[in-house]
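What follows is a pair of complexes built around chain A, which joins chain B in one and chain C in the other.
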Partner chain A sequence: MANITIETLTKRFDDVVAVDDVNVDIEDGEFIVLVGPSGCGKTTTLRMIAGLETPSEGQIQFDGDLMNYRTPQNRDVAMVFQDYALYPHMTVRGNMKFGLEEEPDFTDEERKQRVEEVAELLDISELLDRRPEELSGGQQQRVALGRAIVRDPEVFLMDEPLSNLDAKLRAQMRTELQQLQEQLDVTTVYVTHDQTEAMTMSDRMVVMNDGVLQQVGEPLELYHEPTNMFVAQFIGEPSMNFLDGSYEDEAFVSEQLAYPFDDRITDGLSAVSDNDRLVLGIRPEDIELHDPDGEPQGETSHENHTAAMSVTVVEPMGNENVIHLTFPDSSSGTEDLIAIADGMRRIDADSDIHVHIPPEAVHVFDAETGDALYNRRLEHEGNVIQI
Partner chain B sequence: MARESLADIDVAGIVRGMNARRLGIYIVVTLFIAFFLAPLEAGILTAIKTDASIANTMPFLPPGADGVTAENIGTAFSQLQGGIINSLVMAVPATLITIVFASMAAYGLTMIDWRGQVGILILFLIGVFVPYQAVIIPIDKFWYQVFPLAQMLEPVARLKLVEPGHLQLVPLTITHIAYGIPIVTVLFRGYYQSMPTSYIEAAKIDGKSLTSIYKDIVLPLSKPMFGVVFIYQFTQIYNEFLFSLTIIKYANATAATMTLVLSGIGASISGVDYGLRMAAAFLAALPTLVLYIAFSEQFAKGLQTGGA
Partner chain C sequence: MATHEATGESVADSVGWRTKFRYVLNGDFVRSLPFWGIPFVIMGIAVYGGIGYNIAISLTDTAGIGPVDWSSLDLEMYSQALAEPAVHRAAMNTFVLLVAFTAICLVLGLFLAVLLDRQFRFKQQTQMIYLLPMSLSFVVTAKLWVWMYDAEVGVINVVLGLFGISPINFLGNPSFSLAAIIFALIWQFSGYTMIVYLAGLQSIPESQFEAAQIDGASTIRIYLRVIIPQLKAASVSAAVVLMVFALKTFTFLYALTGGYTPPKGTDILATLMMREAFNNVQWAYGAAIATMLLIMALGVISPYLYYQHRQGSL
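Right after this comes the complex of A and B.
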């Protein structure tokens, strides 16, 4: 077990900057997930921690020891690869024992025993004498995990280990992996492009884009208080809605919508002056949909933060419906907002609907830089904090 | 309308047309088979014919009942056996050593990063394209004047383990190894490039040294490629004539290889003994045929996975 310190880590491949000035402190026993779209530098970062790539600049330290020029062999890390990298000519037992042979503190008998123990833990004891090609994808995945666990390393590194599994198995393995990591209490760095995996598994997550670290934090922190538009749209499914407009007279004004800000929001926008370009962000799950001839809070008015829109597409998911909405006089013709409605509620395509955007749930971003100017409030152990 | 037009189609005509086409294909295929197999068939038949029968029948027609003889094969075998043994003694170690060295070289050139790699690789690639003719005279000078290895080894022959004449097989073997390594390295390189890099990386992270990675991972996974390369390289060396002629020089030398001996069999001032020559050619080809049959499955598998 070790804590990992990453300082001003940079990796250049010829002219391409794959990882640009990344700083992260990973605590002992922490489950950290590096997440971002493909090509964002997350895998390169992981490979630098493993020692498979040498950093161009910056430092990687385990417990204060500089790792930059240490070969992978001497770092005491274990890695689970995306393709599992199980050796086809060895049995499962052979695969699991292979890495253990280099650990000096074990006798041969202890090694055998250790393999049996880990196989027991992962419920793959009966597969020990089979070869990888005879196993299903899920079983291969377990063996790959077992090969890493057997070595009892300082750090676990995982490179999209679940991406080759089908959706159901992936969800199951997610929970299992998380429990396993908690049980073993080994510092784990996990790379994925799947924000659901990142959200559900991590103690803290690191969001990267174009080689640049965007934000580090606990999953809910990133969900509620994203530092910029990239994090805001990357976390959450479906993505956060963005409306382009400008700041006019303490309100957000776009072609179709005038949205007055209350005091809480305007306090946060002290640096913004009139006519500055803004982006209003609202998560689909926070949008409230009202029947046009229903309850009084459904009335369309600016003060009420409610607008009349029409439904273009309804995607039924069972537990919920994903509703695509457009403003009636929208010139673009594409949908302007996506909202989520309860699965039991009946909403028809092409119907008109009143859309309430609750002011306590909106985010405001700078249109130029994408930085968050105001985030919704999140209750933290009784204290109201605001970023 | 639609139904009527469907009924109008002449189904029987299509069937007939297809048959004519198929028939045409079969005829062409049969002609090709005959074209390729005729020399072989003529060779085998000539090998079992008596001299009289050879003179009286066409080469590709079977001999009459009184025109069959096993004498040619017997004579060819007794004349050729020494050469075949010499060739095997030279070709088997030469092939094995070439393959082991080349696979190591390919591992170093493909799976490990080091400075100057590209320069070395280019040398190997150049090595592939050096023509035989260009090296004949240097080889002769080298093994007879600069570094007369066979002569140097003569004290070993005094131990009575080998005849002194056989010592010339040693420089020949070394020449074949040196000449074979570049092409075999390139073949292995293609194979190793298709191997997932994660195997190597996983082993590195598991604490394995580069030697151990080669021994425990790369070598066992190269098995199909070993089959392919063994057949290829063994056939090359076994059938090779020019280096044998350059280094051993005479068909009647003790160390004469199969190809050298074969070149002299059945040819004399009194004329050419076709039956004997054909019989000898078949005996000479047998080891490579056996090899192909024995390794055919591995050969096909290796070609599939290796992209060689």
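Right after this comes the complex of A and C.
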């Protein structure tokens, strides 16, 4: 149990900067997830915390103690590897006991007892005398976890531990890991490329791209208030829709769409002048779809933020339908928006539909830097979330 | 009914011997015969026929030039050989050479492989340097080491002389000669062991090493407890090849002296057998020694065959 301070951490491999000036404070007992696409430097960061890589610059501290030059053996961390890295010539018991046997202040009886306790906790007691090759992927995963837990370390490090499991097992292990971490209350740094894992498991998540830290925060904070377009599109499934256009007369104008901003938004865009390039962001789940023949709010007009579009593809998921939409006069023929509709609602491909983009749900980004200029404010909708 | 049976028979009869013969000719057995049959016959006659004939000769009393007398077959030659101190010495030397050469080669090869497995520059080239002696023939190695060991102008004695140590006649002194020969053989073959181990080491994922590091094990402990136990298969296959080479040391000793009489203290069963058979024309006696050598070789190879059998590949 330790807090971890990472300051201006940088790692260069020859000419390649894998991790670039990362600063994070991880609190004692926190479950923090490093997330980003492959090659973003998240694993390198984790390996530097473990001591398997030496930082080129910057500091890593556990409880204020500088760790940079300490070997992995002396850091009191435990790590779960993506391929589990179980020792194939040892039984499960041998694997779990290995780390304890390297610590002199246990008696043999204590080691044995500790292994059995942890095996009990993870429900792998009956596997103790088998070899890793005789276990299924899920069982191997548990053994790898057990090997980490049994040492009772200051910090848990996990490098995509669930990525080799099938989808169902992964979802199950996700909850289990989370409960386990809460129970053990050990500071955990978890690396994944899967935003669902990051969202569901983490106390706070760290989004990285190209070695650069993009944003640190609680999952919902990142979801609702992304600092830039990268975070906005990385968090959430399907990704946020982006429309390219420019700022004209307090409105967003693109080839197909003119979208007037209300006061709340224009207040936030004080630094933006006319004709500046903007990107309008809207999450698929916030788009409202109306029947053109239906209710009055189905009217298409700029004032009520509704446009006529046609449906190109419908992906039924059961609980919801993923609807791909295109503007009718769209020259490119590519889809322009993705929306999510209720699973019980019947929407046909090639039909016309009225699309309402609620102004309280839009995000505005600077087209050049990708930085968020305006994010939705949850307070406006009445359900205040403390972040 | 009777007519039916009769017609049935006539149908069977009507499938003539030509059809049956053609059927046999088209079978897998006959059609694959040229591919395995020829090597099978050559191997059978040259190797197993030779072994059989050798055993048969060893049961007779054949000596000198003349026809083989098959009338009295007994184990007299074996009892004679087992009572002979020269045979004991040669068997002992063969055994020491086999065990010491194999064991030291394995340990040294493992050590070199572990060193090479750590990343460093010019790794590829260094690897070649260790492996090169393996490409030399026994004859070249023997001549090279005769020169190295030379009592007066040999490189080793010259270097020892720099430290004030008086020259040692490595090959002439029976208490050094066997060790000197084992050393030369190790020089030639430790590179091979290294390559086998290196391949084994490289098949162990890096994450195992890292996991053990994080588990708190020191580098030496990681090798002893995690890495080396996983090299069992590599050790077994390297050991078998080394033992086979150890049994072939005859070539090396023959090249060392240009005859069947190796330096004092290094007489092995193979040289003794050749001397008895071809210098002293004691054919039956030589054949008996050869059979004993064969049994020894089988003893060496059988644990490996058993291991392979247990792995399910034999």
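Things worth noting here:
Definition applied: the second predicted complex is superposed on the first by the 377 of 387 C-alpha atoms of A that agree within 3 Å, B and C clash if a C-alpha of one lies under 4 Å from a C-alpha of the other, contacts with A are read in each partner's own complex, and residues count from 1 in each chain.
We adopt the following convention: contacts are C-beta pairs under 8 Å (C-beta built on N, C-alpha and C of every residue); 3 or more make two chains touch, one makes a residue touch a chain.
Everything quoted here is computed from the prediction, not taken from an experiment.
Overlap between chain B and chain C is detected when the two structures are superposed via chain A. By the touch criterion stated above, A:Ala341 is placed in contact with neither chain B nor chain C.
In the superposition on chain A, A:Pro72 makes contact with both chain B and chain C.
Applying the stated contact rule after C-alpha superposition, one finds that A:Pro88 touches each of chain B and chain C.
Judged by the touch definition given at the top, the superposed model places A:Leu52 against both chain B and chain C. Looking at the shared chain after the overlay, A:Val279 reaches neither chain B nor chain C.
Using the contact criterion defined above for the overlaid structures, shared-chain residue A:Glu102 touches chain B and also reaches chain C.
The contact surfaces that chain B and chain C form on chain A in the two complexes overlap at residues 50-52, 71-73, 75, 77-79, 81-83, 85, 87-89, 98-99, 102-103, 147, 151, 157. Residue ranges of chain A in contact with chain B, taken from their complex: 50-52, 71-75, 77-79, 81-85, 87-89, 98-99, 102-103, 147, 151, 157. Against chain A, the residues of chain C that register as touching in their complex are 205, 207-208, 210-218, 221, 225-226, 229-230, 232. Residue ranges on chain B touching chain A, taken from their complex, read 196, 198-199, 201-209, 216-217, 220-221.
Of all the residues in chain A, the ones that touch chain C in their complex are 50-52, 71-73, 75, 77-79, 81-83, 85, 87-89, 98-99, 102-103, 147, 151, 157.
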